[in-house]
Every structure is written in structure tokens, then in C-alpha cells.
């Protein structure tokens, strides 16, 4: 069992799960706001167990705690970014590690900001079909195509490595160069790629980095992506100290049989096992 | 054409197909009782032909005979295991080989028992996401998570090799050690793995050994599995004398377009071709 | 933006898109007549951009022009083959290259004929689960299982290489030998295969060459096929001068979420980029 | 249980079920050839029982016998009409009543012909969205839009009443007038309509007579139709002696959850109960 | 907003929502254990508001409180009936009214028992396609086809009226007579039926009482049922004092788009409004 | 055939179709921007004809002309309302009648404005589950829940009658009273309601006015609505001169089989027939 817990019950050895039910910044299709509920449902569905592939059983430790969803509209303002950053921050300040679930990719900006404020020299490993480096979108500078531009503008991220990219256009290429992003696009991807980071690493996992065959339940189907196996292996293999992670862009409207929610739940187990090691 | 036949019409050169419409022992979701009908529908659908990839045409020989479904509730008792074992036994006693279709994985216990009684030193090649070695489930010792514990307890199986495993927990690990099971989990899987068996081999193929991308029509979606191509190649490549096989856990409730039934039908052709060689 | 254009507005540097809304020759399931609309919808959907993986942006050049659908029933006769050949011919006669979208595979016969009349020594690279070399089908000699028999009978094609094949039966094997077809079946497929052609190449891409996991939206689900990534890489890698292409057998009736239409749109971008290079 | 039986085992008190797996004459979408299998699956699914609403239990009598599918391609000719008429005739000649399952609507022509040859003054009650009175279709005079033109041309049908019609165009209106068809279109439909026939009645039930809300699993979705309840009540209420019936146009490709197959199975029970009364 | 509350926070004016995640007693298809989550998701989805048709806004009162799910496996025994009865009882003992959500229909036995113990002369209004009066099922006397036999055997229910019935077989007819059940089957149903009860009324609403067109997301599709509108109107119209209710048999495995969850949520609002009046 | 035409080719006797591909103002789920394409696909699909139920054949007159989609982002500003009003206005200024297809309901504000500017004393018949009278939404005053507040604020609409309403909350009730809206909610709906208008009438048809059983392909599933038949009959029956109409809120993301697009196409025919009378 993964137990429920209040933020104040977290401690330094814990892994906190936190839902982020927000899809306000999606440019094409809403839905990721429903993701946290569905990922939890998959985790506890009875169709699977809580054991990761290395044998770590998330259900046999009391270190994994579900702290519920952040109340993204807490402050009733037009912009929930601050609420997400605060929600992450309060959990991190207990010393716990944080694995955030759900939302569109815009949520990674406040999530990474909260981590970067607490970890000098933060590295980011970003798995995605899209570089998400737009300076602007029609829906504004916080659109889900922009978060890594915002992240890099903070100047607090040492290295950003992007894996799975297959939609790089001229503007985003410029942005990548400007920010010094290391892009491993699908053309350059090899299954034995082993990224090595010096210091703390934040993992941002956009499910559309996978091929739609493996993760159909996303808003943006971009064929030609990674397999679930490749991502599982990458999670286990990269070098560096994992200090925070998110799994974003699950869209339940496109996941009628819950297969993609099961993929997300699988990653919760694999990322969780790496945290607990 | 694959012709229909009575058990008494079978002969030593024949390959008998037999449906096993049972899902009584499923712990999460019924459905596999409908699988035999759907696999036959896919085999004869007109969207494909009956030729395996090595050129063997199951429709151009009179050696492949469909003997219909075993009547699992024949004896009106609470437990259909005996009926399945008897159904398999009567077919095997004609000298024919048996390829069983459908049912949840609990059916493999009586099927393998029927083979082990007739083939000394039987080896089992087991493709699955799950080791199915539970000593007990809530639904009892014949649950679909238990059959390989039951099989190994007979003492009649020389070697059990499991391929595709990715949900091994502590209890099942103990069971695997206790029974001397050879587990090739997904972390250790390589596409050129070539199992070699000395003597007769029974192949038990749980469709959830495949990744849900390839076989979504199963009760237990366990991401990170084998591709259809990898399984086709494994069927053709392992060393040993194939003497019996089953294809289990197709769940038509999760197969609205019949894609997974087509995968099962593909395996009927590939396994059939290996029998007929 | 990909602009709309009349045939008379095409010029020698252009890449013309042309829809072929025909599924009259399908033996199992209609549907591909709806494909051109859905591929265009996917191309312009807002869920993706128009940039190919090599950075070529089909939306930033004025060389890509959508010339609409050929009117396959223009002549009200029973057989629209001539209309397709004429539609292709008129576009080719402007000097433009042609990328045809939609239809069942029967449309490739008139399309390739139109190219062979204008390119001596034409090579054909054919990606498919099926060799489509039948001499006859119940629905006649123009059935979607026959086009490459018809193509080879013209004597105008120098080499025909087929990739992805996994349903070769005895009759088609004879036909392949008779016509000297080079068949790379899935058993012989390697991900680094690099076909080399001397002279002009026509690419005929049947989406069922992909595994149904990657392209479920086709009439004939034939498990064990290529991945989207493998096809993308093959498109970029083969040697020779690409002079024409088609993408066929998308069946919207089996593509409820439009995933396979997105795969087709992806190939439009990748093939388009190769044309524009 | 509905038992299986050979034609020669039928007797005068029996109700024979017969599958008609044909969709060769569909103008828009194949599929109804798969219907007989799916209707039987629904009848025996375990999700329902075999009791009609008047309490008649089809499973508690030995008068209902499933005689399997007619072999529509028995004679290997291009046209299976004769095989269907012969299959119906041989069953009727035992004195049994016949309820035919599946196929597109073209099968009703030979089915009704077989009944008209044996029942003078046959009346036909036809439930459908479409009058199916075309003189010709692109696919010929036996297309599934033509059967009632063919039926009326025999001169053997005394009255044809059509219920549920909502697509009458000028040509079909002329045909209706020419043949003296009584058309109750949806505008004129009232839920208490009680057709009265003098003498034998054949019921031809096209599932697209229902609104797509109730029967989505058909090739031609024509909104604005009957409810399942209205059809159940009509079956029970019309006056006359029911001597034969068919249930056509179920398309399993559009019935992923089997709901429409359950509707067809419901009608099997309700029509069966009327036969057995 | 419907607020969350502990049982101890309930008071006499409150309406308590309680989830019952159990599908252990389903004879055909599991799934209803997932229903409570999905009904809550639909209630709060943002695609609708919380206002019933009479203008009562469940979100504008503090009397509606969600008390979470009963822990059906609390006592780790084989049978969760006692846990459900206890969960209902503890809530009722606060004086609050109870609206239970989810589970298969077997949960209504302990739920009604808990109400009957606290309300002398309890009446039950039961909406369903099935009478659920079986004395036994293969899965035992607590199967989801048996609850109303168990309820009537308590002797504590004054009247049981069943509406929507359309699968009554001989055994269940005997049971209905034995227990004096008032059955309004679909044949006898009229849209203006106004049941009148003297004293307290418990409403048990099985979603398969609706036609599958309106509630496809159930395990047992029984065509020919009630419309959503008819049920809404019946909820508002019957005479008597509503003291408890349940909404059961939602099966999310058959509700890919959440339409049936929205139907259940609609009934939560309409039943809730009647409680709050 | 419905022919394509430029705006300048329209004349006073014509009925102009115009697509409005906009879903920028949807509060819950995007999608209606894809509707125009899908409605046209359904109209021309070959699964139906172009004849309305009164015999008017939209394909046999040259008065029905498809003028394509309005370019909603023509002016590249943030707000496309003006472009829609201008697109409608230019068509109306030719004397033609206008039937607009697709978009979320926000498009009805500029559409009705364009009509009100040209027809004094305009009446509006509004079919919908929701009154859409919000003064504001989180997404602003042009959200798809606000258009009829905006319409009434113009002072140019004489009467607004709403039919099918079943989500009226306190704020919207106040708005309805303030603007003198005549609300026929589902509780008050009778199938023979015959609205009578004095002077010109604009019909705004939100597909979610129908029950989700009949129109599942909408963003907001609100159970308990109208049947397709009831809406068809209402279109034919109301008194007054129809001068303009729209069909909105079709969401192709929720219409995998195109059933709701067929419902929309049906209404195009029925509304079209009323225009052409």
C-alpha cells in the first residue's frame, strides 16, 4: 500500500507523490487535469502489483507517501503557476523527494524552479517529442510548448538534455542554441545512450516522448518515438543523483482503456525504485 | 481451409486445435472465455491468409484440424480443471499434437499436466509478463496467477524457462528459486536469445508477455514487454522438439477492433508451422 | 502553410500533393476513400507542426502545393483507373513531383504507370505486409492484392524491391519469381538495410507494412511488422533519386483517434523533405 | 440451451436459426458477414438469459435449433443468391420455421423468395431506415439497396409494408408507387401502430431501422429512427401469422462493445417467442 | 463544492455520499469496483455544474458531504458484506441520509439491511432490467443476481416495487410471487407511472435498468429499457419519503468516454435534490 | 451534389453553407474546430443520401452552395469574433440564407448579430442543454457559456426561446429573467410543443441539446435530453420564417465512429429543406 499523508507528515527519507491537475496551458486539447486520478487508479488497480523491475516493492515500504493533489486554483487568480511552485516547495522543505503526476507540460516550469531553488547546479533530463522551448505561444508565455524556455531563463539550470525530440523547427533550434540545450533527437537516439550528469538531476517525462503506439493517451500524437522499454531502461541507466521528477501530458480523454495510465503507473514504479535505492 | 473434426478423427500426424472457453480463475477481469471464438474468427477473417512466414500454408494441408471447444462445465462441478485435462488427454491419445486456444492462464496447469503425463522430461517455455508462481490467490490455488506453481509441484517438468517477466515480487522470487525456474526478465532479454532444450518442449504463450502496444486485448496491461516480432522469431528459433502449446489470456472485452485476436491468429500460424515442419 | 493550387499552377520545382479517394477494389473492408481528408486534417491539426526531422519545414516553402483530390469517378465508367493515371499524368507533365495520398493499394498501378511512362528505368521501393502480386482476386484483376502484378506486366519497371512482407503464399512466391521481385521479408529485415537504386525511384508505402501497434488504422491487420521509426529511417536512407510516392491503405473506419492519420502525415513530412532536398 | 442440429433433424414444430454470412452486396462498408457469429455469441454470452419478455424461454424448449451458417460460396460461382435460397428452402421443406441471422439486406431477396414459393399470399413487414427499392446500384441489381424491388418483381408478395423509413428519394418513391408499397415513414410513425395482415407474414428486420443511438453497429447510420422498445412492441403487436423472419445489417466492425449484437439477440428472443406461441 | 467529511462530522440534516468499491459478486464482468472514482470525477468534471433540474444546487449547500469509500476489505475476511452494512450503519447513526455510489448490485443487500434496521416498514423502489431475485448463483447466494431474494428474506421490507424489468424467467417469477414483489416490467411500463408509498422509501437504481443506448457502461446490456429522462422524472415523481438510495452497476471498463458516469452523476444530483427538499 | 461556390457567386435564392472552425472559447474540451470537415464528410459519405424527410433533395437543386470555411484567424488578432461576423455578413448581403456549421457555441453571438443587423425583430429559437447566459466565464465574456447574454445585450433580438435546458443554475436563472428569455426546460418539454414566432427566426442548434445517447460527440454530456426525432420534428413544426441557422458543438474527438457527425448532417438536410420550401 502507498499510504496517504499530509505534507507535515513527510520526512527526509520519503518519496512524496503529488498530483497536479492542470491543463489550462494546453494549446490543442484539454485533458491532463484528469491525469492524477487516473494514474492513481492504475497504480492501485489490481491488474498489477507495486514492484519495480529491480525488485523494489513500493507497497512494502512506508517511505512512499501520496500527498494528494496540489490545489492549483487555491488563490483564485488567473495563473496557478505560483500555487504549483508553492506546493512543490512545501513538500521539498520537509526533505522529502517529490514525484509529480499529471498536468500538461507547463507545470514543469514551477516544479523545476522549486527544485532549482533548493539544489545548486541542477541538471534536467527531459524526455519528450517536443523541445518545448517556444518563446511564446498564442496562449501566452506559459503555454505547454514554452516551459523549458522559462526554465532556462532562470539561469538556475546547469545542463538541460532533451531525449526523444522529433519536431524541432527553426525557432526552437535557435532557442536550443541560445540556451545551450543538448538535444538527442530520434535520429541520433541509440538504445544504449547513457547520459551522465554531475550533481543533482531532475527528470521531466512527457509521455508523448514515447511513440503513440506505446502511449496513445496524449494530446499530441507524434509518431516515431521511444518504446516503453527504452524509457524504462533509460530511467535505470543514466548517471547522476535523481532529486525530483514529473510525469506529464497523460490525457485520459484519449485513453479509453487506461493503457497509457498503466504506462504512467509503470514509470511511477521505476522512478520510485530509483529514488528509494 | 482448416477443417473441423471430431476427436476420434484425429491421427498421429495431425495438429489439433482446441478452444478452452474458461475465465473463472481470472482475478481482475473476465473475458478470456470468449477468446476461442474470436481467434477462429481472425484466422478465417478474409483479412489475412493462412500462410506462416516460412511459407507453410495451414490451409493447404489436411493435417490441421479444429476439434472445437472443450466443454469446461461438462461435469457441472465447481471446478473445470479435470475437464480440460481430459479434453487434452483424449486428443493427445490419438497421437496428434495439440494447440489450445483461449482461456485465462489457469488452463495451462491441466494442459501441461496432460502433456507431462505423456512426455517424460517435459520442458516448458513460458512467455509472460508475470511469473504466475503464486502459491495462493484470493480466488484460490487455481487462480490464473498460480498455474506454474501447480505445474512445478507435479515434479513432472524438467525445466521451466520464463521469458518476458517484468512483475517479479518477493514471494514469486522465492517460488522461482524454490522450483528452480529459469527467469529471463525484460531487463535480461536480448532479441537474439536462443533457448535450447533437450527433449520435448511445451510452449505456453500468455499474450500479456507482449507489450500492450502490440497486444492491448488482455486483462493485465503490463507496459515494457516484447514485440510481436520478437515473439514470432523466438517461436521459430528455440531449440527442442515442440510437442504442445497454448495461447492464453486474450480478452475480447479489451479488443474492440480485433487486433489482438489477429496477433493470436498470427501465432497460431507460426506455432502451427513449427508443428508441421 | 501548404497552399492549395490548381494543376496549371504547378511548376518544375514543386511537390504536388494529390488525394485519391478510392476504395472500390478493397477485398475486405472499405474505408481508404476517406483517407485523403483525414491525412490533410492531421497535417494541419494544430497538434503538430510541418517540420520534418531533418529540419525541412514544409510550411515555410512555397514549393509544396495541395492540388486536391483526383475525381476518380469523373468519367462515370465502372473503372476509375484511367482517371487516376490521367490525374497523375497531368500533374507530372508540369514537371512537378507527385505525392499521392489515400486510396486502397489498387491506386498504385495507375500511379506507377504514369511515372514509368515519364521515367525510363524506374525502380520501385514497396513497403507492405503483402506482396500484392496476385494474378487475380475475386473482385477481379484490379483488386488491391494485384497492383504489383499489373505493374510488372507493363515491363516498364526495372527493379521492384518489397520490404516488410510477411504473408507470402505459394502463388505469390511464384509471381515474385516470375517477375524477378526482390523480397525483403520480415525474417530477413534488418534495421540498417540500405537499398541502393540506380536511377529514379518510386516509393509506394502501404501503411499495413507497419505493425498494427503503430498503424492500427488499416483494413488488414498483419502483426509482426515494421515500426514507424524503421520506416522513417528507411525513407531517409535509401539511395537513389526519389521521383514519386504514394501513401495508401489508411482506413479511417479503424482510426477512431486519428493516430494512423498522424502516422501518414508524419510520412508526408519525411517524404516531402526528401523531395525538397 | 439452443441446440445445434442438422437440417435433416428439423421437424414441423421447430424454429430453425440459420446464419447468412454475406456482405458482398454492401455498397458502403463490409462487415455483416461476421454478424452470425456475433449474434450467437451474444445469445449465449452469460450476460443475459434466453427468456423473452412474455416469459417464453428459448432455452427451455427443444424446438429452437441452430442449423449453422448457410455456405454462401458453396457453388464457387460469383453469385451466392441461389445458395441462400436453397439453404432456406431445404430448412423450410422440413416444415420448420426459419429465423435467419446476419448478412447485408441483399440476403432478404432469396430468403423471401423461398418463403413466397411455399406460402401463397405472403405479406412482408419490413422495418428499415431505407426503402431498399432501388432498381439498380453501382454494384448491380442485387445490391443491398435493391432487394425489395427484386422481391416485388416476383409478383409473389401480396403486401409489403415498410416501417421506419426516413431516406425516401424521388426514384424510390416512384418505385414504391409502382409496386404499391405501403410506407410508414418516421413522420407518420406512431408508437401504437398496429399493422394487420391477412395470412402469412414474413418479417424483415434491418437493424438500421432503429436509431443509431440504439443500434450503432450498422453500416448506415441514419439518425431519427425507432427505439428498441418500439420495435420489441411492434414485433409482439402486429396481427397475422408469422412464418419467417430475418435480422440483417449488423456490422461488427462498428460494434466494438457488442451492444448491437445484444440488440439483435434480444430480437431473436422476441421473434422466437412469437414463433413458439 | 461537495466537501469531504469524516463520518463523525455528519449531522442529521446532511446527505452523505459513500463509495462502495466492490465487484466481487459479479457473475459476468468485473468493473463496478472502479465506479465510485469515476462518478466523483464526473460530478466534478467541469463539463457540468452541480445544479439539479429543480434548481437545487448541491454545490451551494454545506449539507452534502462526501464520506469517501467504505473499506470493503477492512476485515480481510472472504466476505465484505458486513463491512458495507457497518459502513452504512455508522453513517446512518449520525442521522444523515445516505446515497451510496458504485459496486455491483450485491451491495444493495447490506445497504438496504442497514436502512431496514433503522426504518420500520421500509419500502423499496428498485429500478433494474433484472429482478435480481435468484435464490442462488454459481458464485453463491450473495451473487449480484440475488440481492433482492436476500432482502426479502429478512422480512423487514414492507413493499418491493421493481421497475424496468425485462428478463424475468420462470424461477424469478416464482420468487417474485413468493415474496409478493410488485413487478412493473417494460411491457407494463408507462411514462406517467407514479408509484405511491406509505412511509420510508429506499431507492435502488441499477443503471442497466436504462436502455444500453443511454447507459452503455454496464456489464449486462439488456436492450429495450428506460430512457434517462424517464428515470429522472420517476425519481422526482414517486410519492413517499426518500430515506436512502444507491446507484449501482456502473462498469468503467465499458464506459470509455465517461458518458455513463455522467448519467450516474446526473442521478446523484436529482436524487440529492430530492433528499434536500 | 452540393456544389462549392465563392461568396460572390451567391444569389438571393441560395442557401449558403459556411464552416466555422473555432473552439477557442471552449471551457472544457477543444474539438469543435474540426467539426465543419466532419459534417461535410458525413453529408457526402455515401452511407446516406441528400434527401430530407419531406422529400426535398438537397443534391437535386443548385440552390445549396458550400462557401467553405470562414477564415477565423484572418486578422491574426487575438479575437476572431469580428471575422465570423464579417464572413456571415458578406454572405447575407448577397441575399442568400446562411446555415453555419461547426464551432463551439461562442460563434453564435457574431452569427446572430449579423442576422439581427439585417432582420428587424429577429426571433431566436435556441436548442441546448445549457442556457449559455453567463455574464462571464473564466475564459472571459466570449466563452461558449456566454453567447446568449451577449446576444440579448445587443437589444436587437425580439424573443429568445430556449428548448432542452436542463442545467439552469441561480445565476443563469437571474439572467434569463433579466433578459426575458422564454425557457422550456426538459421538465416542461412536451413532444408536441409548437413554438410560434411572428417574423424572422434564427435557429441555433447546440448538439448537446440532444441526449448523449443520440449525440455522444459533444464536449458536454448532459444526460436527459431530446431525441433526434424530437429535434427533427421541432425543426419542421415551429411557426415563423426561418432566416438563418447554425449547428454547433460537434466535437470530433468524441465521435470516433462519426455517428454525431451523421446527426449533424441529418439536421443540415432537415434545416436545408425548410429553407428551400
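We just call them A, B, C, D, E and F in the order they show up, numbering each chain from 1.
As a convention for this text, contacts are C-beta pairs under 8 Å (C-beta built on N, C-alpha and C of every residue); 3 or more make two chains touch, one makes a residue touch a chain.
Quick caveat: nothing in here was measured; it's all calculated off a predicted structure.
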item	value
Both-way neighbours, i.e. chains that touch chain E and touch chain A	B, F
Chain D against chain C, contact positions shared by both copies (same if over half, else different)	same
Repeated interface matching A-E, over half of the contact pairs identical, chosen among C-F, C-D or E-F	C-F
Farthest-lying chain, centroid of Cα atoms versus that of chain E	C
Chain centre separation (chain B, chain D; CA means) in Å	39
Computed distance of Cα centres, chain F from chain D, in Å	38
Shared interface positions of chain C, touching two or more other chains	28-29, 45-46, 211, 213, 254, 257
Arrangement of touching chains [line / ring / star / complete / other]	other
List of chain F residues in touch with chain D within their complex	45-49, 51, 53-55, 57, 60, 211, 213-214, 227-229, 232-233, 236, 257-259, 262-263, 266
Residues of chain A that touch chain C when the two form their complex	27-29, 166-170, 173, 185-187, 211-213, 216, 219-225, 254
Chain B to chain D touching residues, read off their complex	33-34, 37, 41, 45-46, 256-257
Complex contacts: residues of chain C adjacent to chain D	28-31, 78, 138, 253-254
